[in-house]
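What follows is a set of structures to go through.
The two complexes that follow have chain A in common; it is paired with chain B in the first and with chain C in the second.
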Partner chain A sequence: MTRFSIDIWGEMCPIPLIKAKKKLSSMQCGDILVLETEHSCTSRGIVVWAKANRYIIEEKEVANGIWHLELTKTHD
Partner chain B sequence: MSINSAFHSQRKWNIGFILFLTLLLLLLSQISIRLTLITALGISLGFVLQKSRFCLVSALRDPILIGMTQLTRAFLLLLGISILGFALVSWGASQSNIPLSLNIFPMGVHTVVGGLLFGIGMVLAGGCSTGIIIRIGEGFAMQMLAFFGLAVGSVLGERSLKSWRYTFGEWPGIFLPDIFGWVPTLILELIVLLTLWQLARWWQKKQLGE
Partner chain C sequence: MKKTLQTIIHGPWAYWIGAIILGLLNILVLIVRRQPWGVTWNIEIWAEWIGTNLGVLSDRGFTFEGLMAASGTYLNLGLLLGAFWATLVASQVRFRPIRDKKFFFSALIGGLLMGYGARIAYGCNVGALLNGIASSSLTGWIFAFAVFLGTWLGSKLLLKYLM
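Here is the complex of A and B:
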(Lines of atoms letter the chains of each structure in order from A and count residues from 1; the text may use other names and numbers.)
(Lines give C-alpha, C1' and ligand atoms only; values in the text may rest on other atoms or scores of the structure.)
Protein backbone atom coordinates (compact mmCIF):
# COMPACT_ATOMS: atom_id res chain seq x y z
CA MET A 1 0.00 0.00 0.00
CA THR A 2 2.29 2.75 -1.21
CA ARG A 3 0.99 6.17 -2.19
CA PHE A 4 2.33 7.66 -5.39
CA SER A 5 1.56 11.01 -6.94
CA ILE A 6 2.34 12.63 -10.25
CA ASP A 7 2.39 16.29 -11.17
CA ILE A 8 -0.31 17.11 -13.71
CA TRP A 9 -0.93 20.77 -12.86
CA GLY A 10 -1.71 22.85 -15.93
CA GLU A 11 -1.73 19.85 -18.26
CA MET A 12 -4.61 19.30 -20.65
CA CYS A 13 -6.22 16.08 -21.76
CA PRO A 14 -4.95 13.65 -22.82
CA ILE A 15 -1.49 14.21 -21.23
CA PRO A 16 -2.59 13.54 -17.59
CA LEU A 17 -4.26 10.28 -18.55
CA ILE A 18 -1.22 9.07 -20.49
CA LYS A 19 1.05 9.99 -17.56
CA ALA A 20 -1.27 8.20 -15.12
CA LYS A 21 -1.36 5.08 -17.30
CA LYS A 22 2.44 5.04 -17.48
CA LYS A 23 2.82 5.47 -13.71
CA LEU A 24 0.16 2.86 -13.04
CA SER A 25 1.99 0.20 -15.01
CA SER A 26 5.02 0.57 -12.71
CA MET A 27 2.92 0.25 -9.52
CA GLN A 28 1.99 -2.83 -7.48
CA CYS A 29 -1.58 -4.03 -6.94
CA GLY A 30 -3.16 -2.15 -4.01
CA ASP A 31 -1.01 0.94 -4.48
CA ILE A 32 -2.72 4.32 -4.62
CA LEU A 33 -2.06 7.05 -7.18
CA VAL A 34 -2.91 10.60 -6.10
CA LEU A 35 -3.68 13.18 -8.76
CA GLU A 36 -4.66 16.82 -8.53
CA THR A 37 -5.88 18.88 -11.47
CA GLU A 38 -7.57 22.19 -12.21
CA HIS A 39 -8.90 21.00 -15.56
CA SER A 40 -12.53 19.86 -15.31
CA CYS A 41 -12.45 17.56 -18.34
CA THR A 42 -9.26 15.88 -17.18
CA SER A 43 -10.85 14.97 -13.88
CA ARG A 44 -14.00 13.66 -15.55
CA GLY A 45 -12.00 11.80 -18.19
CA ILE A 46 -9.83 10.01 -15.65
CA VAL A 47 -12.87 8.99 -13.56
CA VAL A 48 -14.67 7.55 -16.59
CA TRP A 49 -11.52 5.80 -17.76
CA ALA A 50 -10.82 4.31 -14.32
CA LYS A 51 -14.39 3.02 -13.96
CA ALA A 52 -14.27 1.43 -17.42
CA ASN A 53 -11.03 -0.29 -16.38
CA ARG A 54 -12.55 -1.42 -13.04
CA TYR A 55 -10.10 0.52 -10.85
CA ILE A 56 -11.30 2.12 -7.62
CA ILE A 57 -11.45 5.89 -8.02
CA GLU A 58 -12.43 8.67 -5.63
CA GLU A 59 -13.10 12.16 -6.96
CA LYS A 60 -13.37 15.18 -4.70
CA GLU A 61 -13.67 18.83 -5.65
CA VAL A 62 -11.51 20.20 -2.84
CA ALA A 63 -11.88 23.84 -3.86
CA ASN A 64 -13.74 25.62 -6.60
CA GLY A 65 -12.28 24.23 -9.82
CA ILE A 66 -9.67 21.97 -8.19
CA TRP A 67 -10.15 18.21 -8.21
CA HIS A 68 -8.39 15.67 -6.04
CA LEU A 69 -8.36 12.10 -7.35
CA GLU A 70 -7.29 8.90 -5.64
CA LEU A 71 -6.92 5.87 -7.86
CA THR A 72 -6.36 2.41 -6.39
CA LYS A 73 -4.76 -0.16 -8.63
CA THR A 74 -6.93 -3.24 -8.08
CA HIS A 75 -5.55 -5.50 -10.78
CA ASP A 76 -2.76 -5.74 -13.34
CA MET B 1 -12.32 16.66 4.95
CA SER B 2 -14.71 19.40 6.04
CA ILE B 3 -16.47 21.53 3.46
CA ASN B 4 -13.90 23.90 2.08
CA SER B 5 -14.29 27.62 2.64
CA ALA B 6 -13.79 28.17 -1.09
CA PHE B 7 -17.30 26.86 -1.69
CA HIS B 8 -18.84 29.24 0.84
CA SER B 9 -17.24 32.25 -0.78
CA GLN B 10 -18.46 31.01 -4.15
CA ARG B 11 -22.11 31.15 -3.04
CA LYS B 12 -21.95 34.93 -2.72
CA TRP B 13 -20.49 35.19 -6.21
CA ASN B 14 -23.27 33.01 -7.63
CA ILE B 15 -25.97 35.25 -6.17
CA GLY B 16 -24.10 38.27 -7.50
CA PHE B 17 -23.86 36.83 -11.00
CA ILE B 18 -27.55 35.88 -11.08
CA LEU B 19 -28.50 39.39 -9.96
CA PHE B 20 -26.20 40.95 -12.54
CA LEU B 21 -27.56 38.78 -15.38
CA THR B 22 -31.19 39.47 -14.41
CA LEU B 23 -30.56 43.21 -14.36
CA LEU B 24 -28.68 43.01 -17.67
CA LEU B 25 -31.58 41.16 -19.31
CA LEU B 26 -34.10 43.63 -17.86
CA LEU B 27 -32.05 46.51 -19.22
CA LEU B 28 -31.78 44.86 -22.64
CA SER B 29 -35.52 44.21 -22.75
CA GLN B 30 -36.03 47.98 -22.61
CA ILE B 31 -33.98 48.32 -25.79
CA SER B 32 -35.00 45.30 -27.83
CA ILE B 33 -36.89 42.07 -27.04
CA ARG B 34 -35.04 40.26 -29.82
CA LEU B 35 -31.66 41.16 -28.33
CA THR B 36 -32.84 39.99 -24.89
CA LEU B 37 -33.96 36.61 -26.24
CA ILE B 38 -30.69 36.10 -28.13
CA THR B 39 -28.66 37.00 -25.04
CA ALA B 40 -30.73 34.72 -22.81
CA LEU B 41 -30.35 31.86 -25.29
CA GLY B 42 -26.61 32.44 -25.49
CA ILE B 43 -26.20 32.44 -21.72
CA SER B 44 -28.28 29.27 -21.30
CA LEU B 45 -26.36 27.49 -24.07
CA GLY B 46 -23.05 28.44 -22.47
CA PHE B 47 -24.27 27.27 -19.07
CA VAL B 48 -25.41 23.88 -20.39
CA LEU B 49 -22.22 23.42 -22.43
CA GLN B 50 -20.02 24.10 -19.42
CA LYS B 51 -22.01 21.94 -17.00
CA SER B 52 -22.24 19.00 -19.40
CA ARG B 53 -18.43 18.91 -19.69
CA PHE B 54 -19.04 17.62 -23.18
CA CYS B 55 -15.85 17.37 -25.20
CA LEU B 56 -15.92 16.82 -28.96
CA VAL B 57 -12.15 16.35 -29.01
CA SER B 58 -12.39 13.57 -26.46
CA ALA B 59 -15.23 11.94 -28.42
CA LEU B 60 -13.10 11.72 -31.55
CA ARG B 61 -9.67 11.14 -30.00
CA ASP B 62 -10.23 8.71 -27.14
CA PRO B 63 -11.35 5.69 -29.21
CA ILE B 64 -7.92 5.65 -30.85
CA LEU B 65 -5.79 6.88 -27.97
CA ILE B 66 -7.17 4.95 -24.99
CA GLY B 67 -9.92 2.80 -26.48
CA MET B 68 -12.84 4.53 -24.72
CA THR B 69 -16.00 5.31 -26.64
CA GLN B 70 -18.47 6.62 -24.01
CA LEU B 71 -18.25 10.18 -25.31
CA THR B 72 -18.23 8.99 -28.91
CA ARG B 73 -21.57 7.31 -28.27
CA ALA B 74 -22.84 10.43 -26.51
CA PHE B 75 -21.84 12.38 -29.59
CA LEU B 76 -23.74 9.94 -31.85
CA LEU B 77 -26.78 10.35 -29.60
CA LEU B 78 -26.43 14.12 -29.91
CA LEU B 79 -26.37 13.81 -33.71
CA GLY B 80 -29.47 11.59 -33.65
CA ILE B 81 -31.41 14.02 -31.46
CA SER B 82 -30.28 16.96 -33.62
CA ILE B 83 -31.42 15.20 -36.81
CA LEU B 84 -34.87 14.56 -35.35
CA GLY B 85 -35.10 18.09 -33.98
CA PHE B 86 -34.05 19.55 -37.31
CA ALA B 87 -36.66 17.46 -39.12
CA LEU B 88 -39.33 18.70 -36.69
CA VAL B 89 -38.33 22.33 -37.19
CA SER B 90 -38.31 21.94 -40.98
CA TRP B 91 -41.70 20.25 -40.90
CA GLY B 92 -43.13 22.95 -38.63
CA ALA B 93 -41.74 25.66 -40.88
CA SER B 94 -43.25 24.12 -44.02
CA GLN B 95 -46.61 23.73 -42.23
CA SER B 96 -46.78 27.41 -41.36
CA ASN B 97 -45.09 28.63 -44.56
CA ILE B 98 -41.98 30.08 -42.98
CA PRO B 99 -39.09 30.00 -45.46
CA LEU B 100 -35.94 28.31 -44.11
CA SER B 101 -32.52 29.28 -45.34
CA LEU B 102 -30.20 26.26 -45.10
CA ASN B 103 -26.44 26.46 -44.83
CA ILE B 104 -25.53 23.95 -47.51
CA PHE B 105 -21.97 24.61 -48.61
CA PRO B 106 -20.16 23.17 -51.62
CA MET B 107 -17.49 20.60 -50.83
CA GLY B 108 -14.04 20.29 -52.28
CA VAL B 109 -10.40 19.62 -51.51
CA HIS B 110 -10.52 22.51 -49.03
CA THR B 111 -13.10 20.59 -46.93
CA VAL B 112 -10.69 17.68 -46.44
CA VAL B 113 -7.61 19.86 -45.88
CA GLY B 114 -9.48 22.10 -43.46
CA GLY B 115 -10.88 19.11 -41.59
CA LEU B 116 -7.43 17.57 -41.18
CA LEU B 117 -5.89 20.86 -40.02
CA PHE B 118 -8.71 21.49 -37.56
CA GLY B 119 -8.49 17.91 -36.27
CA ILE B 120 -4.75 18.11 -35.61
CA GLY B 121 -5.13 21.57 -34.09
CA MET B 122 -7.94 20.63 -31.73
CA VAL B 123 -6.08 17.63 -30.31
CA LEU B 124 -2.97 19.77 -29.73
CA ALA B 125 -4.99 22.65 -28.24
CA GLY B 126 -7.16 20.34 -26.12
CA GLY B 127 -10.47 21.75 -27.30
CA CYS B 128 -12.69 22.45 -30.27
CA SER B 129 -13.92 26.02 -30.70
CA THR B 130 -16.64 25.96 -28.02
CA GLY B 131 -14.41 23.81 -25.80
CA ILE B 132 -11.68 26.43 -25.90
CA ILE B 133 -14.10 29.25 -25.04
CA ILE B 134 -15.61 27.26 -22.15
CA ARG B 135 -12.19 26.55 -20.67
CA ILE B 136 -11.12 30.18 -20.96
CA GLY B 137 -14.23 30.93 -18.90
CA GLU B 138 -13.18 28.29 -16.39
CA GLY B 139 -9.86 30.09 -16.06
CA PHE B 140 -7.56 27.71 -17.89
CA ALA B 141 -4.86 30.07 -19.12
CA MET B 142 -3.32 27.81 -21.78
CA GLN B 143 -6.55 28.00 -23.81
CA MET B 144 -6.18 31.74 -24.36
CA LEU B 145 -3.19 30.92 -26.53
CA ALA B 146 -5.31 28.33 -28.34
CA PHE B 147 -8.05 30.91 -28.82
CA PHE B 148 -5.55 33.25 -30.47
CA GLY B 149 -4.58 30.41 -32.85
CA LEU B 150 -8.26 29.69 -33.53
CA ALA B 151 -8.90 33.32 -34.45
CA VAL B 152 -5.84 33.55 -36.72
CA GLY B 153 -6.73 30.23 -38.38
CA SER B 154 -10.34 31.28 -39.02
CA VAL B 155 -9.27 34.56 -40.62
CA LEU B 156 -6.65 32.82 -42.80
CA GLY B 157 -9.16 30.16 -43.85
CA GLU B 158 -11.82 32.70 -44.69
CA ARG B 159 -9.40 34.82 -46.70
CA SER B 160 -7.91 31.94 -48.68
CA LEU B 161 -11.18 30.09 -49.37
CA LYS B 162 -11.61 31.70 -52.77
CA SER B 163 -8.20 30.65 -54.05
CA TRP B 164 -8.73 27.07 -52.77
CA ARG B 165 -12.00 26.88 -54.68
CA TYR B 166 -10.42 28.39 -57.77
CA THR B 167 -7.38 26.08 -57.75
CA PHE B 168 -9.00 22.71 -56.96
CA GLY B 169 -12.62 23.21 -58.00
CA GLU B 170 -15.62 22.07 -55.92
CA TRP B 171 -18.72 19.90 -55.93
CA PRO B 172 -22.15 21.26 -55.07
CA GLY B 173 -23.40 20.54 -51.54
CA ILE B 174 -25.90 17.71 -51.11
CA PHE B 175 -29.10 17.96 -49.08
CA LEU B 176 -30.34 14.38 -48.72
CA PRO B 177 -34.07 15.13 -48.12
CA ASP B 178 -34.15 16.87 -51.53
CA ILE B 179 -33.02 13.63 -53.19
CA PHE B 180 -34.70 10.85 -51.17
CA GLY B 181 -37.48 12.70 -49.35
CA TRP B 182 -37.69 13.24 -45.59
CA VAL B 183 -38.76 9.83 -44.23
CA PRO B 184 -36.22 7.63 -46.10
CA THR B 185 -33.47 10.12 -45.21
CA LEU B 186 -34.35 10.01 -41.52
CA ILE B 187 -34.44 6.19 -41.54
CA LEU B 188 -31.14 5.99 -43.42
CA GLU B 189 -29.38 8.45 -41.10
CA LEU B 190 -30.64 6.78 -37.93
CA ILE B 191 -29.55 3.36 -39.23
CA VAL B 192 -26.07 4.73 -39.97
CA LEU B 193 -25.86 6.25 -36.48
CA LEU B 194 -27.05 3.00 -34.86
CA THR B 195 -24.42 1.05 -36.79
CA LEU B 196 -21.71 3.47 -35.65
CA TRP B 197 -23.02 3.15 -32.06
CA GLN B 198 -22.69 -0.65 -32.20
CA LEU B 199 -19.25 -0.31 -33.76
CA ALA B 200 -18.16 2.03 -30.95
CA ARG B 201 -19.42 -0.41 -28.30
CA TRP B 202 -17.64 -3.30 -29.95
CA TRP B 203 -14.43 -1.25 -30.19
CA GLN B 204 -14.41 -0.41 -26.46
CA LYS B 205 -15.08 -4.03 -25.48
CA LYS B 206 -12.24 -5.15 -27.70
CA GLN B 207 -9.81 -2.47 -26.44
CA LEU B 208 -10.51 -2.87 -22.73
CA GLY B 209 -10.87 -6.64 -22.94
CA GLU B 210 -14.16 -6.92 -21.06
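Here is the complex of A and C:
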Protein backbone atom coordinates (compact mmCIF):
# COMPACT_ATOMS: atom_id res chain seq x y z
CA MET A 1 0.00 0.00 0.00
CA THR A 2 1.94 2.95 -1.29
CA ARG A 3 0.82 6.58 -1.51
CA PHE A 4 1.41 8.37 -4.77
CA SER A 5 0.62 11.93 -5.76
CA ILE A 6 0.59 13.88 -9.00
CA ASP A 7 0.62 17.62 -9.49
CA ILE A 8 -2.61 18.81 -11.11
CA TRP A 9 -2.67 22.23 -9.44
CA GLY A 10 -4.12 24.91 -11.70
CA GLU A 11 -4.99 22.51 -14.50
CA MET A 12 -8.39 22.32 -16.13
CA CYS A 13 -10.37 19.25 -17.08
CA PRO A 14 -9.85 16.93 -18.79
CA ILE A 15 -6.06 17.17 -18.29
CA PRO A 16 -6.08 16.21 -14.57
CA LEU A 17 -8.29 13.17 -15.23
CA ILE A 18 -6.10 11.94 -18.09
CA LYS A 19 -3.01 12.33 -15.86
CA ALA A 20 -4.73 10.49 -13.00
CA LYS A 21 -5.76 7.61 -15.28
CA LYS A 22 -2.22 7.29 -16.61
CA LYS A 23 -0.74 7.28 -13.10
CA LEU A 24 -3.34 4.82 -11.86
CA SER A 25 -2.48 2.26 -14.51
CA SER A 26 1.12 2.12 -13.20
CA MET A 27 -0.02 1.56 -9.60
CA GLN A 28 -0.72 -1.66 -7.69
CA CYS A 29 -4.09 -2.62 -6.19
CA GLY A 30 -4.50 -1.04 -2.76
CA ASP A 31 -2.26 1.93 -3.60
CA ILE A 32 -3.57 5.42 -2.98
CA LEU A 33 -3.35 8.38 -5.34
CA VAL A 34 -3.44 11.80 -3.68
CA LEU A 35 -4.60 14.80 -5.71
CA GLU A 36 -5.16 18.44 -4.86
CA THR A 37 -7.00 20.94 -7.03
CA GLU A 38 -8.48 24.42 -6.80
CA HIS A 39 -11.09 23.84 -9.51
CA SER A 40 -14.48 22.56 -8.36
CA CYS A 41 -15.25 20.97 -11.72
CA THR A 42 -11.94 19.10 -11.75
CA SER A 43 -12.67 17.67 -8.30
CA ARG A 44 -16.26 16.86 -9.28
CA GLY A 45 -15.20 15.22 -12.54
CA ILE A 46 -12.67 12.97 -10.83
CA VAL A 47 -15.14 11.94 -8.09
CA VAL A 48 -17.86 11.09 -10.63
CA TRP A 49 -15.39 9.16 -12.77
CA ALA A 50 -13.96 7.23 -9.78
CA LYS A 51 -17.42 6.24 -8.53
CA ALA A 52 -18.48 5.10 -12.00
CA ASN A 53 -15.35 2.93 -12.11
CA ARG A 54 -15.92 1.52 -8.60
CA TYR A 55 -12.77 3.00 -7.07
CA ILE A 56 -12.80 4.26 -3.49
CA ILE A 57 -12.68 8.05 -3.51
CA GLU A 58 -12.56 10.51 -0.63
CA GLU A 59 -13.17 14.19 -1.32
CA LYS A 60 -12.54 16.91 1.22
CA GLU A 61 -12.68 20.67 0.82
CA VAL A 62 -9.61 21.53 2.89
CA ALA A 63 -9.92 25.30 2.42
CA ASN A 64 -12.32 27.60 0.57
CA GLY A 65 -12.17 26.45 -3.02
CA ILE A 66 -9.43 23.83 -2.53
CA TRP A 67 -10.19 20.12 -2.74
CA HIS A 68 -8.08 17.22 -1.50
CA LEU A 69 -8.79 13.86 -3.13
CA GLU A 70 -7.65 10.38 -2.14
CA LEU A 71 -8.30 7.65 -4.64
CA THR A 72 -7.73 4.01 -3.76
CA LYS A 73 -7.06 1.62 -6.60
CA THR A 74 -9.37 -1.26 -5.72
CA HIS A 75 -9.05 -3.27 -8.93
CA ASP A 76 -7.10 -3.42 -12.19
CA MET B 1 -32.45 18.75 6.55
CA LYS B 2 -29.31 20.69 7.49
CA LYS B 3 -27.36 18.54 5.06
CA THR B 4 -29.86 19.22 2.26
CA LEU B 5 -29.59 22.96 2.84
CA GLN B 6 -25.82 22.66 2.88
CA THR B 7 -25.90 20.88 -0.51
CA ILE B 8 -28.26 23.48 -2.00
CA ILE B 9 -25.96 26.34 -1.00
CA HIS B 10 -22.61 24.68 -1.32
CA GLY B 11 -23.19 22.05 -3.97
CA PRO B 12 -22.48 19.85 -5.71
CA TRP B 13 -25.90 19.52 -7.30
CA ALA B 14 -26.63 16.38 -9.26
CA TYR B 15 -26.30 16.96 -13.00
CA TRP B 16 -29.95 16.01 -13.63
CA ILE B 17 -31.23 18.61 -11.16
CA GLY B 18 -29.19 21.31 -12.85
CA ALA B 19 -30.44 20.11 -16.25
CA ILE B 20 -34.11 20.32 -15.23
CA ILE B 21 -33.72 23.81 -13.73
CA LEU B 22 -31.83 25.01 -16.80
CA GLY B 23 -34.57 23.59 -19.03
CA LEU B 24 -37.35 25.30 -17.07
CA LEU B 25 -35.53 28.64 -17.03
CA ASN B 26 -34.90 28.33 -20.76
CA ILE B 27 -38.65 27.88 -21.35
CA LEU B 28 -39.27 30.94 -19.16
CA VAL B 29 -36.84 32.99 -21.28
CA LEU B 30 -38.68 31.91 -24.44
CA ILE B 31 -42.08 32.87 -22.98
CA VAL B 32 -41.02 36.25 -21.60
CA ARG B 33 -38.69 37.26 -24.41
CA ARG B 34 -40.64 35.62 -27.28
CA GLN B 35 -37.25 34.66 -28.64
CA PRO B 36 -34.98 31.78 -27.57
CA TRP B 37 -31.98 32.28 -25.34
CA GLY B 38 -28.74 33.06 -27.16
CA VAL B 39 -25.43 34.38 -25.92
CA THR B 40 -23.24 35.43 -28.84
CA TRP B 41 -25.65 37.63 -30.82
CA ASN B 42 -25.61 40.18 -28.01
CA ILE B 43 -21.82 39.99 -27.73
CA GLU B 44 -21.64 40.64 -31.47
CA ILE B 45 -23.75 43.81 -31.36
CA TRP B 46 -21.68 45.11 -28.44
CA ALA B 47 -18.51 44.37 -30.43
CA GLU B 48 -19.99 46.14 -33.47
CA TRP B 49 -20.86 49.18 -31.35
CA ILE B 50 -17.31 49.32 -29.93
CA GLY B 51 -15.87 48.80 -33.43
CA THR B 52 -18.03 51.60 -34.85
CA ASN B 53 -16.88 53.98 -32.10
CA LEU B 54 -13.25 53.09 -32.73
CA GLY B 55 -13.85 53.85 -36.40
CA VAL B 56 -12.92 50.39 -37.69
CA LEU B 57 -16.44 49.30 -38.68
CA SER B 58 -19.13 50.99 -40.73
CA ASP B 59 -22.13 52.17 -38.72
CA ARG B 60 -25.04 49.72 -38.65
CA GLY B 61 -27.03 51.86 -36.25
CA PHE B 62 -26.31 50.27 -32.87
CA THR B 63 -26.58 52.86 -30.11
CA PHE B 64 -25.59 52.61 -26.46
CA GLU B 65 -29.21 53.20 -25.44
CA GLY B 66 -30.31 50.42 -27.77
CA LEU B 67 -27.78 48.00 -26.31
CA MET B 68 -28.78 48.87 -22.76
CA ALA B 69 -32.41 48.19 -23.72
CA ALA B 70 -31.58 44.80 -25.29
CA SER B 71 -32.70 41.83 -23.19
CA GLY B 72 -29.62 39.87 -24.28
CA THR B 73 -27.37 42.33 -22.43
CA TYR B 74 -29.04 41.46 -19.14
CA LEU B 75 -29.13 37.72 -19.88
CA ASN B 76 -25.37 37.76 -20.42
CA LEU B 77 -24.68 39.96 -17.41
CA GLY B 78 -26.96 37.75 -15.35
CA LEU B 79 -25.04 34.68 -16.47
CA LEU B 80 -21.72 36.14 -15.29
CA LEU B 81 -23.05 37.68 -12.09
CA GLY B 82 -25.11 34.59 -11.26
CA ALA B 83 -22.10 32.29 -11.65
CA PHE B 84 -20.01 34.66 -9.53
CA TRP B 85 -22.75 34.91 -6.91
CA ALA B 86 -23.10 31.12 -6.68
CA THR B 87 -19.34 30.75 -6.18
CA LEU B 88 -19.41 33.52 -3.58
CA VAL B 89 -22.26 31.93 -1.63
CA ALA B 90 -20.47 28.58 -1.67
CA SER B 91 -17.34 30.46 -0.45
CA GLN B 92 -15.24 29.03 -3.25
CA VAL B 93 -14.01 32.33 -4.63
CA ARG B 94 -10.28 32.30 -5.11
CA PHE B 95 -7.85 34.03 -7.40
CA ARG B 96 -6.61 31.30 -9.69
CA PRO B 97 -3.40 32.20 -11.48
CA ILE B 98 -2.61 30.75 -14.90
CA ARG B 99 -0.38 27.75 -14.44
CA ASP B 100 1.38 27.82 -17.77
CA LYS B 101 1.77 30.25 -20.70
CA LYS B 102 0.54 27.57 -23.08
CA PHE B 103 -2.83 27.45 -21.30
CA PHE B 104 -3.15 31.21 -21.69
CA PHE B 105 -2.55 31.07 -25.43
CA SER B 106 -4.67 27.96 -26.00
CA ALA B 107 -7.57 29.61 -24.16
CA LEU B 108 -7.14 32.81 -26.17
CA ILE B 109 -7.00 31.02 -29.54
CA GLY B 110 -9.86 28.73 -28.49
CA GLY B 111 -12.00 31.68 -27.50
CA LEU B 112 -11.36 33.49 -30.77
CA LEU B 113 -12.19 30.40 -32.83
CA MET B 114 -15.33 29.70 -30.80
CA GLY B 115 -16.51 33.28 -31.12
CA TYR B 116 -15.85 33.40 -34.85
CA GLY B 117 -17.43 30.00 -35.41
CA ALA B 118 -20.50 30.91 -33.38
CA ARG B 119 -21.08 34.04 -35.43
CA ILE B 120 -20.66 32.51 -38.89
CA ALA B 121 -22.97 29.68 -37.76
CA TYR B 122 -25.54 32.23 -36.53
CA GLY B 123 -25.46 30.92 -32.98
CA CYS B 124 -23.47 29.20 -30.27
CA ASN B 125 -24.02 26.09 -28.12
CA VAL B 126 -27.03 27.74 -26.57
CA GLY B 127 -28.64 29.59 -29.47
CA ALA B 128 -27.92 27.19 -32.32
CA LEU B 129 -27.47 23.79 -30.66
CA LEU B 130 -29.77 23.64 -27.61
CA ASN B 131 -32.51 25.93 -28.80
CA GLY B 132 -32.00 24.95 -32.42
CA ILE B 133 -32.71 21.29 -31.71
CA ALA B 134 -35.47 22.22 -29.23
CA SER B 135 -37.27 24.14 -31.98
CA SER B 136 -36.70 21.29 -34.48
CA SER B 137 -34.40 23.36 -36.62
CA LEU B 138 -32.06 21.43 -38.92
CA THR B 139 -29.31 23.92 -38.04
CA GLY B 140 -29.13 22.46 -34.53
CA TRP B 141 -28.44 18.95 -35.81
CA ILE B 142 -25.81 20.09 -38.30
CA PHE B 143 -24.26 22.16 -35.51
CA ALA B 144 -24.24 19.09 -33.20
CA PHE B 145 -22.44 17.01 -35.84
CA ALA B 146 -19.86 19.79 -36.27
CA VAL B 147 -19.43 20.09 -32.49
CA PHE B 148 -18.62 16.38 -32.19
CA LEU B 149 -16.16 16.62 -35.06
CA GLY B 150 -14.53 19.72 -33.57
CA THR B 151 -14.35 18.18 -30.10
CA TRP B 152 -12.71 15.05 -31.49
CA LEU B 153 -10.11 17.17 -33.28
CA GLY B 154 -9.69 19.37 -30.19
CA SER B 155 -9.05 16.33 -27.97
CA LYS B 156 -6.34 15.13 -30.34
CA LEU B 157 -4.67 18.54 -30.22
CA LEU B 158 -5.03 18.68 -26.42
CA LEU B 159 -3.35 15.30 -25.96
CA LYS B 160 -0.57 16.28 -28.35
CA TYR B 161 0.22 19.82 -27.21
CA LEU B 162 -1.31 20.54 -23.80
CA MET B 163 -0.65 17.44 -21.71
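Structural remarks
Methods note: the second predicted complex is superposed on the first by the 76 of 76 C-alpha atoms of A that agree within 3 Å, B and C clash if a C-alpha of one lies under 4 Å from a C-alpha of the other, contacts with A are read in each partner's own complex, and residues count from 1 in each chain.
Here, a contact is a pair of C-beta atoms (placed from the backbone, for glycine too) under 8 Å apart; a residue touches a chain by one contact, two chains touch by 3 or more.
Remember, predicted model here, so these are calculated numbers, not experimental data.
By the touch criterion stated above, A:53 is placed in contact with chain B alone, chain C being left untouched. Of the two partners chain B and chain C, more residues of chain A are touched by B. In the superposition on chain A, A:39 makes contact with both chain B and chain C.
Of the two partner chains, chain C is the only one that A:9 touches; chain B does not reach it.
When the shared chain is aligned, chain B and chain C each come close enough to touch A:65. When the shared chain is aligned, chain B comes close enough to touch A:17, but chain C does not. Taken together, the two structures place residues 10, 12, 14, 18, 38-40, 44, 64-65 of chain A in contact with chain B in one case and with chain C in the other.
Within the complex, the chain C residues that touch chain A are 11-12, 87, 91-94, 96-100, 103, 158-159, 162-163. Of all residues in chain A, those touching chain C in their complex are 9-12, 14-15, 18-19, 38-40, 44, 64-66. The part of chain B that touches chain A in the complex is made up of residues 1, 4, 6-7, 10, 53, 55, 57-58, 61-62, 65-66, 68, 70, 126-127, 131, 135, 138-142, 204, 208.
Residues of chain A touching chain B in their complex: 10, 12-14, 17-18, 21, 38-41, 44-45, 48-49, 52-53, 60, 62-65.
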